[in-house]
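Chains: A, B, C and D, in written order; residue numbering restarts at 1 for each.
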Amino acid sequence: MNLSFELYGELIPLAGGERISLVTEMAPATVAEALSVLADQCPALQPRLDQCAAVRDTDILLRSDPLPENGHLVLLPPVAGG
Amino acid sequence: MNLSFELYGELIPLAGGERISLVTEMAPATVAEALSVLADQCPALQPRLDQCAAVRDTDILLRSDPLPENGHLVLLPPVAGG
Amino acid sequence: MTDSSNRIHLTEYPIAIDELLALDRYPECGGLALFAGTVRDHHQGLPVESLRYTAYAPLAEKRIAEIEQQARERFGLSYCRVMHRLGALRIGDVAIVCVARAAHRAEAFEACRYLVDEVKHQAPIWKEEFYTDGSSAYVQGCCIRPDSRSGDQHHAHTDSHPDHHRVPHCDGDHS
Amino acid sequence: MTDSSNRIHLTEYPIAIDELLALDRYPECGGLALFAGTVRDHHQGLPVESLRYTAYAPLAEKRIAEIEQQARERFGLSYCRVMHRLGALRIGDVAIVCVARAAHRAEAFEACRYLVDEVKHQAPIWKEEFYTDGSSAYVQGCCIRPDSRSGDQHHAHTDSHPDHHRVPHCDGDHS
């Protein structure tokens, strides 16, 4: 399955880019499982993922929510506007 | 002695003018005494004087303070800016 | 009446808000709080058509300058500024602007609130309301006589920030 | 990145404060409170030279619109507006403006404070600071993950207005 992650804030320099695409043999069922795959593939992101919100369009998902069918997640680290 | 009172706010329509000049036989010694003369001469102001600050230039005087030598007092009713 | 040449807190012209923000200065500041009091079309149920503000300018200038200085010291402000409009105002016109700038937003907000409250309660300014039925009235205000018999009103009020400032009880403060 | 055509709370251009005040409308309002966050020349002891704000715009727009709606209802506002700048900012530039207009000043102040706090804590916007020594860092922020293991931080904080709004504890909130 194709997974893609759209990155923001400090995730971008950690990952070296704004987007990460991965291919997995086993399709992750939940957001948590997809993030586990990401943590394995991108160790630099791993320590930050716990504090990130996982988003589909404008909906913040729970870790237990099913992974969106398109395999795409937006990852939002802690926010600091204003 | 010549007394004069400079009026502001609602005192002006009550007195019918921005300034009142009075002549007294006895020179009032204190602010309180001068205001007592004013209350006698201008009954329309009398009910309001208790809530007025008496001022010389930019100094708010106490009722027990001596009347300024020039016999002039600025009378400020309750304020309502903003 | 008094000379208007040295008035920096009172104006008979529309208040230019941008010029009071001093945004081209004070690079150490991160927070700017502003209050603008505008002329409402109603007051205690009566429809208002216009207002007229008058002041005893010498003392109003002095008191507002003192209030600004108190705010700067108390809240550690880099900058603060109060400007009050005088004369005839229509609905929507800006009557008063208070600006406070500080490193952080908490102080800016508290100081701005302090500025508005203190100026309303202490500066010798009067508001005459003209109603749509042709009548008019001076708005009930706050007694600034220090030795008033009901002068304990200046000490009886306790609010949630007793160490910040006391706000005297004030019948006229409905705004 | 996303289409910027429908952005009404985010802009890459300098924020024109006057246009956000809506002073030509809302004659029922007597109080206008405004907060402007400006770029400070220091942060936690480090000299700052410039900033860069980025956002996940679709959710930032949605969250800010929701926060505005909450403020209107909670404080009975006639009007409120938040505008956040994105892109490269220099010292003194305005990063965020929040405006609240109500009949009376107390609600205007409280609502303005609410708007700033909520947007800072909830809108997906990030601040990268560039220091005078050439280094840079993202400012520590507030976790917006709803099911965070440390998610109880969203409920542990009690402030003096518990019924008004909760402010989540937030390591990055030093402004």
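Keep this in mind: a residue touches a chain if its C-beta (ideal position, glycine included) is under 8 Å from a C-beta of that chain, and two chains touch if they have at least 3 such contacts.
These figures come from a predicted structure and were not determined experimentally.
Between the contact lists of subunit B and subunit D, the overlap consists of C. The fewest steps needed to get from subunit A to subunit D, moving only between touching chains, is 1. Mean C-alpha position of subunit A lies 51 Å from that of subunit C.
Measuring from the averaged C-alpha position of subunit B to that of subunit C gives a distance of 25 Å. Chain centres here are Cα means. That of subunit C falls 26 Å from that of subunit D. The mean-CA centres of subunit A and subunit B are about 76 angstrom from one another, to the nearest whole unit. Across the assembly, subunit C contributes residues 37, 116, 175 that each touch 2 or more other chains. Within subunit B, no positions touching two or more other chains are listed.
Residues 8-10, 50-55, 57-58, 60, 62-64, 74, 76-82 of subunit B are the ones that touch subunit C when the two sit in their complex. Those residues of subunit C lying in contact with subunit D across their complex are 17-18, 21, 23-42, 91-92, 94, 101, 103-105, 108-109, 112-113, 116, 160, 174-175.
Subunit D contributes residues 37, 53-56, 58-60, 62, 84, 95-96, 116, 119-128, 138-150, 170-173, 175 to its touches with subunit A in the complex.
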